[in-house]
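Chains: A, B, C, D, E, F, G and H, in written order; residue numbering restarts at 1 for each.
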Amino acid sequence: MNNEIMQLLEGVRDGSLSVEDALLKLKLHPFEDVGYAKVDLHRKTRQGFSEVIYGAGKTPEQMLGIIGVMKQNGQGNILITRLQPEAAEEIRKSEALRYYPEARIGLVGEMPEPGGIGRIVIATGGTSDIPVAEEAALTAEFLGNEVLRLYDVGVAGIHRLFSNLSDIMGASVIIAVAGMEGALASVVGGLADCPVIAVPTSVGYGASFGGLAALLAMLNSCASGVSVVNIDNGFGAGYLAAMINHMK
Amino acid sequence: MNNEIMQLLEGVRDGSLSVEDALLKLKLHPFEDVGYAKVDLHRKTRQGFSEVIYGAGKTPEQMLGIIGVMKQNGQGNILITRLQPEAAEEIRKSEALRYYPEARIGLVGEMPEPGGIGRIVIATGGTSDIPVAEEAALTAEFLGNEVLRLYDVGVAGIHRLFSNLSDIMGASVIIAVAGMEGALASVVGGLADCPVIAVPTSVGYGASFGGLAALLAMLNSCASGVSVVNIDNGFGAGYLAAMINHMK
Amino acid sequence: MNNEIMQLLEGVRDGSLSVEDALLKLKLHPFEDVGYAKVDLHRKTRQGFSEVIYGAGKTPEQMLGIIGVMKQNGQGNILITRLQPEAAEEIRKSEALRYYPEARIGLVGEMPEPGGIGRIVIATGGTSDIPVAEEAALTAEFLGNEVLRLYDVGVAGIHRLFSNLSDIMGASVIIAVAGMEGALASVVGGLADCPVIAVPTSVGYGASFGGLAALLAMLNSCASGVSVVNIDNGFGAGYLAAMINHMK
Amino acid sequence: MNNEIMQLLEGVRDGSLSVEDALLKLKLHPFEDVGYAKVDLHRKTRQGFSEVIYGAGKTPEQMLGIIGVMKQNGQGNILITRLQPEAAEEIRKSEALRYYPEARIGLVGEMPEPGGIGRIVIATGGTSDIPVAEEAALTAEFLGNEVLRLYDVGVAGIHRLFSNLSDIMGASVIIAVAGMEGALASVVGGLADCPVIAVPTSVGYGASFGGLAALLAMLNSCASGVSVVNIDNGFGAGYLAAMINHMK
Amino acid sequence: MNNEIMQLLEGVRDGSLSVEDALLKLKLHPFEDVGYAKVDLHRKTRQGFSEVIYGAGKTPEQMLGIIGVMKQNGQGNILITRLQPEAAEEIRKSEALRYYPEARIGLVGEMPEPGGIGRIVIATGGTSDIPVAEEAALTAEFLGNEVLRLYDVGVAGIHRLFSNLSDIMGASVIIAVAGMEGALASVVGGLADCPVIAVPTSVGYGASFGGLAALLAMLNSCASGVSVVNIDNGFGAGYLAAMINHMK
Amino acid sequence: MNNEIMQLLEGVRDGSLSVEDALLKLKLHPFEDVGYAKVDLHRKTRQGFSEVIYGAGKTPEQMLGIIGVMKQNGQGNILITRLQPEAAEEIRKSEALRYYPEARIGLVGEMPEPGGIGRIVIATGGTSDIPVAEEAALTAEFLGNEVLRLYDVGVAGIHRLFSNLSDIMGASVIIAVAGMEGALASVVGGLADCPVIAVPTSVGYGASFGGLAALLAMLNSCASGVSVVNIDNGFGAGYLAAMINHMK
Amino acid sequence: MNNEIMQLLEGVRDGSLSVEDALLKLKLHPFEDVGYAKVDLHRKTRQGFSEVIYGAGKTPEQMLGIIGVMKQNGQGNILITRLQPEAAEEIRKSEALRYYPEARIGLVGEMPEPGGIGRIVIATGGTSDIPVAEEAALTAEFLGNEVLRLYDVGVAGIHRLFSNLSDIMGASVIIAVAGMEGALASVVGGLADCPVIAVPTSVGYGASFGGLAALLAMLNSCASGVSVVNIDNGFGAGYLAAMINHMK
Amino acid sequence: MNNEIMQLLEGVRDGSLSVEDALLKLKLHPFEDVGYAKVDLHRKTRQGFSEVIYGAGKTPEQMLGIIGVMKQNGQGNILITRLQPEAAEEIRKSEALRYYPEARIGLVGEMPEPGGIGRIVIATGGTSDIPVAEEAALTAEFLGNEVLRLYDVGVAGIHRLFSNLSDIMGASVIIAVAGMEGALASVVGGLADCPVIAVPTSVGYGASFGGLAALLAMLNSCASGVSVVNIDNGFGAGYLAAMINHMK
């Protein structure tokens, strides 16, 4: 943004840009205001990835409006997270949308070719953690990464994890998805030599308190190289993993 | 107790016991009242183990009074938990007391010969968990058990745990002592085929919230055969392990 | 597992096992991967009990798939916990399943003859705690134990508990199931001379906070020999009780 | 207060009271302002008991000032709660103060003759709960009640409680003081036929969370007739018990 | 109970009671076991009031069974709390039941004539607190008390409370029912000279956390003579108020 | 109120008011009792604004009754908050009610002309926070203020906020509405030179714990001039903003 | 800031400002970097008040450094909050500092003449709340306001509050400072017709949980016009009150 | 580890390794047991970095023992975190230790030359967060990274952050360290296009609850690419940043 300010200032000095236009540009350019939302059209330049629509709390009409603005600005591939089936149904009437019900993700456009430093491994403690893991996996794939899924490898039967040791050891980034006591993150963190993104899930009951137990456990992990995102935040983990896997 | 009521009733019918005496016996026998405490002299019969003095919140004078009553009633071996060094010093002036500073345990009398079904294994996640583990270990030894200590075998370097697999597999009961994320209990629980008593410790900082993180993780353990005692409750774990190791 | 590694290594030395096969065996044997789950076929050897299916968060199709793998591997008796009535209905179309609606438990195969050291007593504080108690009872029976049910013996009318004193005193293991203030565990723990497994339930309202009050009370029990499992975790209590009742 | 307003209004109508004086009376009479405190001189009329000084957070000078105002207004007997030993020392230089260190209570003047409906029984779970119990006991005695102390009768050795059954059954009001799991209140509440005031204490460690476990347990008591005051609030319990014991 | 033991013992000595019968009496008399519940038939003698059925978590069939046992034992008037409309409908098919939908209370039999020391005043902070207040009011009336309802007198418009000052000042016991910040209990406690039972309600939103805010506020009340029951526990407050109003 | 007491007293002295009438006036005037509610007819004089009906937990019948009393007392413009669509439907049958479904607000009568010191700016972090913001906006407009809405200007794309800097800098009062991490309040508070009222919302998931994360963040804001209202309390923020914007 | 950007841009167009200088100005002007702190020299222009030093966690040397930079930039009057006595002692060696020990506030320079719309009233529930109240009072006075202190007027003796009704009614802004149950804010909020800033304090014990009880109560206040700042945040309340009292 | 197992198995087949030796190697190699600790000598191979000593809860003697083992195994550069000044003093008697008191870090050996993809930027919200930031900075430098420190750039004066925009935009990884409301992480996360590691600190008071407020805020960050470590865990953040900055 600094560079842009520099260019704006130079434009003003050159006379190629009026003061009013410069001010306008500063104010109006980076997003488009559709009333209920200010669509960020700048993020790709600023952060390297396209805008993603967070579907929770938005009506199908609002989402269609945002998709429209994005397409007009040249974004062909759009990911919608936390998309309810009914809303997906509604959007599909106007847009070619692929819907992944388990992950509650909708995709307008195409998945890109995978790239990046290496492979992102996504492991889950149990079967019930798969929806969150799929949100992470599809997000990472949407952002151009190869993903390997290792599901149901929780620590209660630790040989299931160990039989996949070479995949763990060879990963570029690992996403450890687990509810209940969330011990998977610590065990994986102790074995791997790459960044581990821990995703606590709300899977469990009683003293799991909606994922709090797993969250606290992961934050207190005695293994190094582990960091944590919000409970059930598969998208956040997939996004960060993609970022790390594209470091240069 | 039921049998005693039966015997009392029969005594009354026989005339060998007056009504007043029976009532008195019901009321006065099982403990001795020293004002600030009602010393339970019955527990050995009732629960199979001697009374243990919980030292926290008692003055040296009070503890000496309780020891006196116990000795008069034939209890030669007495364990005092949560005993501060200064209080130990004070008690030692009147009683032959062996003091274990790390475990904050005092012992009047002798450790018995170990017995029971097998060996109790006590594992800790780290070095800082050792005081709690020692409280458990000494309690179990005081109650007549063989104890094997496996310290600093936390999951961040899981090969340390695995190099002791045969001890884990051969244990009669396991006590898993860990702070931070408390994952040790789950991993041990998944490997062993014996009861695992999990002891969360207050070791950690920040979001460990004084042991809450480890406590919740252990309660949510996805491994079967795991149960949990209070944070830092080494005594409780040692006592229960001894009980299980003496099942018959 | 140590022994198996030893045997594997010896097999390799003998030439009776190729390196690749040994590695394969280490990796593939102990479970079968059905995609959404890695079915643990080893647990019986490793932990002495058959695999149990945790039904929460699994579709009937997934459960049928797991049952199929188990049966192919010679497991005739299978327990499914947290099984919703609709899912039970669905499974029953393909498998001979006995369903216990109160406990939300499904059983494929037969209950074994009871064995073990003695009798497991399961006590509840009130009528509303019965579903959790039944989960514990059926689990213990499935694992080959005799179970005595003492329901609605909470401390508010403590004579109800005391009239069953001889059963309490004669138990091998006791499971104390209670919501609200969870005092049952402490009172039973003070009376009995066997291990007491406390199960807090989510029965209550207001400041019970979904079972938190009972959980904290049980963790702080001043009685020795008491340990705690997760809120509403009848299965975990039944499993641990069975383990203790089969100590040798 | 209503009656006083009525009298004031009548006085104004009579001409025996000027409007200004009436207003003044309404505003200035009931307390005396010493700057850092507004000493309530009305409470005895309004609530039937004398003002008590809550010593926490007040300097000895402030307390002496308040005592002075009280005495000038005819209050000879004054209770100070939460009084630190050093502050007591300081006050004793100017006032004849009896100090009870365990209960952290100071008394200016004399204890009255006991009266009321019957006897207040104060029971504690353990020895460590005695300071809170003594705060309750001395408060109740200061307010003119006979008090019976039953200390260390917790539920872990329930026969200690039962050997005092006739005192429990004969009480007018019972104060149950307990930390840890706080089960004493429920058990007493189930046995007695009088109001039970439960006082959770901060005695305990780990998951007692400073008395939270006992507090929640007592609030969830399944016994009827039980109500709860703040953690360690011996004064509040003693005051309320006195009030109930003087019902008419 | 002590007296009964005494009588039993004397009966045994007299020969008027065999040992077996005495033991049987001790065990079987005070309740009747209907499988899912142990109906307490003793409470009236022991606690002065009839058994009340806590309807939550009980089926209509179970409640009808309990009512049947009670009636056979001579209890004509029975109160059922937390009774859902559908369950009331079901019970009404077999029993003459009066149902109070707002309070979720069912009554078999008749309300008694009011008695006791004086009048119980029940005040609420707002309109939404009325269901809890009505549970308290009907319970108190069922237990033979005169009740005065003062609804919607919360502290945000404190003149509404003050215009009822004479009722407040003249009460025998006050029940203060309030959600949100629960300040009503403190203000009433400061004005009245009788015991105040505070009932926090779950009325509110956001940071009321289901009644936690009101609960904590009431526990910390700076007014003397205030004690607290569980969130939304109108029954508990009504029962205790009745007990206090019948002190003698 | 003081002045009114003065006038009452003078009226009594003058003989123009009997004692009984004065007392009656003190008691009955400021509100009207409709049984389930005590309608405050005084607030306009006392607090400068009309009574607002809090619709949650009130039936349409109750609300109609309150509206009726208000109208009889000359209040033509009435705001109802937390009004469910079905209840609005019901009320509309008897009253000319305008209903704003997003804000769940109903309006009887007319919006006044805007006045006050300046303009109230209402900013939200995201699209999902709009319902709470609209509750604030309509409340402020109902109380006679000009409102500017800046929606979806959260800190994740901070240039959206900065392009509206002149509106922020020129505001009289700002209401910052945000869920999730609630950082909007701090950033706005650091930029603006006017009071900022922070409204945490329950928008979010996982570790937002129903708005707790945003609430705590806002309370800990390192920016000066920021204060906080309850989670989702748009009404409270709008009311306070109106009050501040009408300071004189 | 917008205006400044406008001016900068115009300066660049005029040629009166080089592009590099403009960029530099944007970056360097508003604060001075002293390594451990970036002293904000802009806030007076931006927010209307001088910078205040938050003393907690800063060494005397650091604070002296910051004071030096401020003075060089023409700020003669500086307030330091959370200043420990020892640090004040140290600073006093180099600077003329007035220190208010109760409020832990230090003042360099002079208090200004009071101004603003009216008078700020600061009320406390008890004597122990005075330190927080004094922090608020001195802050408000430092920012040019007249302050009236009403200490120890808590709701347990509500006549103390009512005898000061005319001060309450006549205030421009009220700061209500209270610990324990924090009811003062609601009662004051119901009486006054001006903004009320509620400051929960950590005064209390047990279930006050360090001020949490008062905080939650104040956030749930049923009175309109009340907003809340952090626990013990006297400074924040004084600052906001000053801001509101200087609205124009 | 997989590769090692392969090599071991091949060695056994070759006859170059006996079965017993292979088993021994599996068990004993990767760490050295010094009783109170099992020193991990494998981590460098396994995870790419040297072992770091976590100093909290270890005596100087224990730390010296661990240093000794490490040095014998060829590790010349050793970092000790959470090292108290007194312990550092003690260690310095035997080892050449450089001690950084603010960060509580000790260094044996030398800092390496910086390498990696780019520069790690460490930003703090305030001056009080510097100790945690320094722990992160020294850890990252120890692991071979260039570090840029941007201290005291919190959002309350957001221009301080913006004047460093080019450093933010050009970072390889950013560590955002903040207490209180923790908003820095979200703002930085919205501006930067690289991974952001958020470190909540325990800086704050009242409702910061020891860093909980900042922790929750950071977990709920609406900016993508942000993950979180434990409260005050500067080491964990520095370690993970180093890992990411060395991706290849």
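Definition applied: a residue touches a chain if its C-beta (ideal position, glycine included) is under 8 Å from a C-beta of that chain, and two chains touch if they have at least 3 such contacts.
Since we're looking at a predicted model, the values are computed, not measured.
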item: Any chain in contact with chain A as well as chain G; value: F, H
item: Shared chain contacts [chain E and chain G, defined touch]; value: D, F
item: Centroid comparison with chain A (C-alpha atoms), farthest chain; value: D
item: A-F, A-G or E-G - pair sharing over half of the C-E contact pairs; value: A-F
item: Cα-centroid distance, chain D relative to chain G, in whole angstrom; value: 38
item: For chain C paired with chain H, centre-to-centre distance based on mean C-alpha positions, whole Å; value: 41
item: Multi-partner residues of chain H (at least 2 other chains); value: 1, 26, 126, 157, 191, 206-208, 212, 215, 219-220, 224, 230-231
item: Touching chain combinations (by label order); value: A-B, A-C, A-F, A-G, A-H, B-C, B-D, B-E, B-H, C-D, C-E, C-H, D-E, D-F, D-G, E-F, E-G, F-G, F-H, G-H
item: Partner chain C, residues of chain D touching it in the complex; value: 125-126, 154-158, 180-183, 186-187, 189-191, 204, 206-209, 212-214, 216-224
item: Chain E-facing residues of chain B, complex; value: 5-6, 9-10, 12-13, 15, 19, 22-23, 26
item: Chain B - residues contacting chain H, complex; value: 126-128, 130, 151-153, 157, 159-160, 162-164, 203, 205-208
item: In the complex with chain A, residue positions of chain H that touch it; value: 1-3, 46-49, 52, 117, 165-166, 169, 172, 191-195, 197, 215, 219-220, 224-231, 235-237, 239-240, 243-245, 247-248
item: Contacting residues of chain E [partner chain C, same complex]; value: 1, 26-28, 30-31, 35-38, 40, 42-43, 54, 56-58, 62, 200, 202, 210-212, 215, 230-233
